[in-house]
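These are the structures in question, set out in turn.
Across the two complexes that follow, subunit A remains constant while its partner is subunit B and subsequently subunit C.
So, the complex of A and B:
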């Protein structure tokens, strides 16, 4: 019987393995309508951000003041109304998508790269190294995240890049702990031992064998991290410590509309709604991914 | 048990030292020479140096750090530059307001999340479950300061039922506590639901049902006690989130707490006040978390047993 079985080449097996894993996750992911809605909104936001970037002229459409048009209520011409400087809020909200998205994505890239590496090292080596890294995480988790963000913004000054850095650093410990927890069950597996026996060095084992097998929780954390990052960054901007004015960052727009809250509530309503929809979409994707990657967790 | 407590307290020391290092060095990086800014315009170079010395802001960074830590151990957090008062006094005067807000928000969060989580778990996969999960998801995703502003628009400006800010009497704490509690409630609802789902599948719950105990008693007497354990476990971090979230909420509601004080200190380059606020905030949070953990270890015999060996 054995001779009749078709022999697969190594390449074929690899291709099959790759395709099936991604396809498996996608197949599970598709089943959840809320996850699909989240994905759709995320893609839509990215497209909007890109189109807005090329359609509108920053100095003319976004920041130029037009006092004659100030504080117009929502109408066909200005779907979200105009702000105290006569700028169209709808256009500013569309243009502002790029700030929130880029802060969310870049900050997660920072916290994931730094945090996961620390977590992998901690989980893989254990002992004193692990202890040191965990204590380090405790220090940064001890400071409430918004306060740590504020301190970093105060130290390095206000700009989009510092906002990304501050938001990213705040979430480093979370990634480190997630990655470490994901490594622990993998560390003692036989294939890791086999890799040692084959003479691979620690670097090769960590990134070639440990990481791919402890990926799932990190991926979920990344999507949730984008949501958290956007929220934290908008918090900082709201407190006047984010992207400097007059950039149409949603948190900052909301904050500047506060003084007109009594008579012109739409100044604060629409930017906040935009933040919520964005964060919600990323959270839905994160939830969907978690269920798709590990159906056992689904309840 | 005693050993557990001692161990936890000892472990706090390096964390405190680390936090102080991080905060002190970060604040030192903040641009602008506050002393030159404070000194009168006609002050000479020498007078500025004199003032710097008086404020204890002279010398290299390391030296200043050790001086600061030495004073801190004696309970001296330095002088606030903008208020001309000891930092610790300013903080003490403002802290009760933040504590009130934080505890109020946790009560709100519990009142929303526990019933919602139970309802979702006991009516698994029904519309009720869907409703609670959507609500929880919205709570987690909503920027708290935005919710605060919406509540102000509706209940303070339109309906005029509640004050829009400041601190005077019970009615003024309602809106801020709801605002801060809503986000927490999102997390807690999800945790209550999943922990309840787990518990009601356990054998002892089945036994209770088999004995003919009514469904009400099964859920609220047998299952709920164990289902609430994870919520108590994360009480410490819930409180931490409440303190952190208070920063923006206090700004929205003009609430005279330490969160707004910290933002004020940063905006006015009052570095000693900002440093002191962040350190004290962190200390209070860490100590509270420790107390919660100890209380929890006392309450749960399993944890007590683990540490009594």
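So, the complex of A and C:
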């Protein structure tokens, strides 16, 4: 290697443009077809949720009963058929995307923010702090998630926001443990020691070095968490504890269609399919992101 | 008198483990003159890396004093430690794990500049980084590269540039070349020497490679199981090793001459455990010359000007 001793001017350096991390990740992400399918479905769901919000009238299209039309099989007029009150299941499933997506995303935002911070602190500082946080998490994890959700719903009442909070709190320990496990190998790397020598404080080290390097499992957990959140919210709604009844939440639709499952399976089939596709799509995105985020795979 | 920049006085570092106390560093003294290099040699596990880390206060010493320009740095608290680390830096052994894989070369080098608020505007910081890159011989086009795109030698240059960023007076080099190819080792060693002349740096050079230490050090201290067994100016040590351990080490240096018939001194056995060692000479059980006196630990004594040895054989002669 020839040693260059010449100092480059700033303009010369600017010529070598920095490729941003996001662009790099996107380049890798694109390579995986399944991840792209997942992303496409997720984006489609978001668009559908937004459009459905404006094109359908809640009181007229979504909840108004039309008993003469009840329990119609799928047809051109009603692609997914109608339920026991004569409401179009197709429209209700489309409209319901908004509940599932918002519950999934907001609840994960809550559990990720709280859980990852706890996990980072536990992993970075170790010792008594770590012990305290981990034991706390174990106590929480000892309670079945649906039971915990029910307890929170019972305490705060039944609404969309409480559903988000309940689902979010249920997954805090999972995020804390994931984050801590991701921090452990990073904490002992020499570049953390180097950062100490450079004069960085703990806060700068945690958010400047530890977090970016332990991000991959957390991001994967986020996308999987959205899927889990949607499932848990559906569980709670299925039990009648989620979004109040006439709203077309997928879990609630499953619940109300349950009585008719023998003769009119499409009442439960389509909301169930919607949940499955959404969960699968988020999981595919999570898998793709995990691979794309590993800097060692870059070429 | 010579100008001493760093003085280490009876430094001790014990690690408490379930199986007993590991005496990683067990009472060592040395000093480094301004602008000079002290080579710290020893095999794996002898405590040389612990010494380097302790001097930087990355590890808290169990006892002893570390005087940097007359100040005892073992008593420094947060803010004092921060300003101390502007004068004392560390170059790491492994250029693969010592650079954050998610940061570009310029981000890595600018980190100490920003953390210590040496320059404030983006332009000034970038300019300083470009200057540092030129100083260590990194092409400017690598400014926005990621570490995994560089080879070992270039990575180590990034590590050196980062250490130089705060204009330190003293650098602890912890085996900076042992992870590199031999051809690149020489480049990095020469760079370190150049920088020493250019900036008047003082080094502690930790290594297990005797030919490297010969090349770069002014003075050499040989460590064995947490103790310094011999310390002398480089030429003196290589020509006239006195401690049996040093002799054995030196006899192991390969000499590229096919007709050279050398007497290789083989050391018996294995390194004893540093966990609760008996109070005898640490090397006694492996030493061919061990005798009764070796039941007691020998003190480091000056046998000729600047040449210190910790061995009872010196008394009997």
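Methods note: the second predicted complex is superposed on the first by the 260 of 299 C-alpha atoms of A that agree within 3 Å, B and C clash if a C-alpha of one lies under 4 Å from a C-alpha of the other, contacts with A are read in each partner's own complex, and residues count from 1 in each chain.
Simple rule for what comes next: a contact is a pair of C-beta atoms (placed from the backbone, for glycine too) under 8 Å apart; a residue touches a chain by one contact, two chains touch by 3 or more.
Given the structure is predicted, the values throughout are model-derived calculations rather than measurements.
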Which superposed partner A:45 touches (first subunit B, second subunit C, both, neither): neither
First (subunit B), second (subunit C), both or neither touched by A:35: neither
Residues of subunit A touched, compared between subunit B and subunit C (which is higher): B
Partner chain in contact with A:155 - subunit B first, subunit C second, else both or neither: first
Which superposed partner A:253 touches (first subunit B, second subunit C, both, neither): neither
Subunit B versus subunit C as contact partner of A:265, first or second or both or neither: first
Contacts of A:283 with subunit B and subunit C, given as first, second, both or neither: first
Subunit B and subunit C footprints on subunit A, overlapping residues: none
Footprint of subunit B on subunit A - complex, ascending: 135-136, 138-140, 142-147, 150-157, 227, 231, 234-235, 238-241, 251, 254, 258, 261-262, 265, 268-269, 272-273, 275-276, 279-280, 283-284, 287, 299
Of subunit B, residues touching subunit A in the complex: 14-15, 18-19, 22-23, 26-31, 137-138, 140-143, 145-146, 149-150, 152-153, 157, 194, 197-198, 240-241, 243-245, 247-248, 251-252, 262-263, 266-267, 274, 278, 281-282, 285-286
Residue numbers on subunit C that touch subunit A, as the complex places them: 56, 58, 82, 85-86, 89-90, 92-94, 97-102, 104, 106, 111-112, 115-116, 123, 126-127, 130-131, 133-135, 137-144, 146, 148, 151, 153-154, 159, 162-163, 165-166, 184, 187, 191
Footprint of subunit C on subunit A - complex, ascending: 1, 3-10, 12-13, 16-19, 21, 189-191, 193-200, 204, 209, 212-213, 295-296, 298
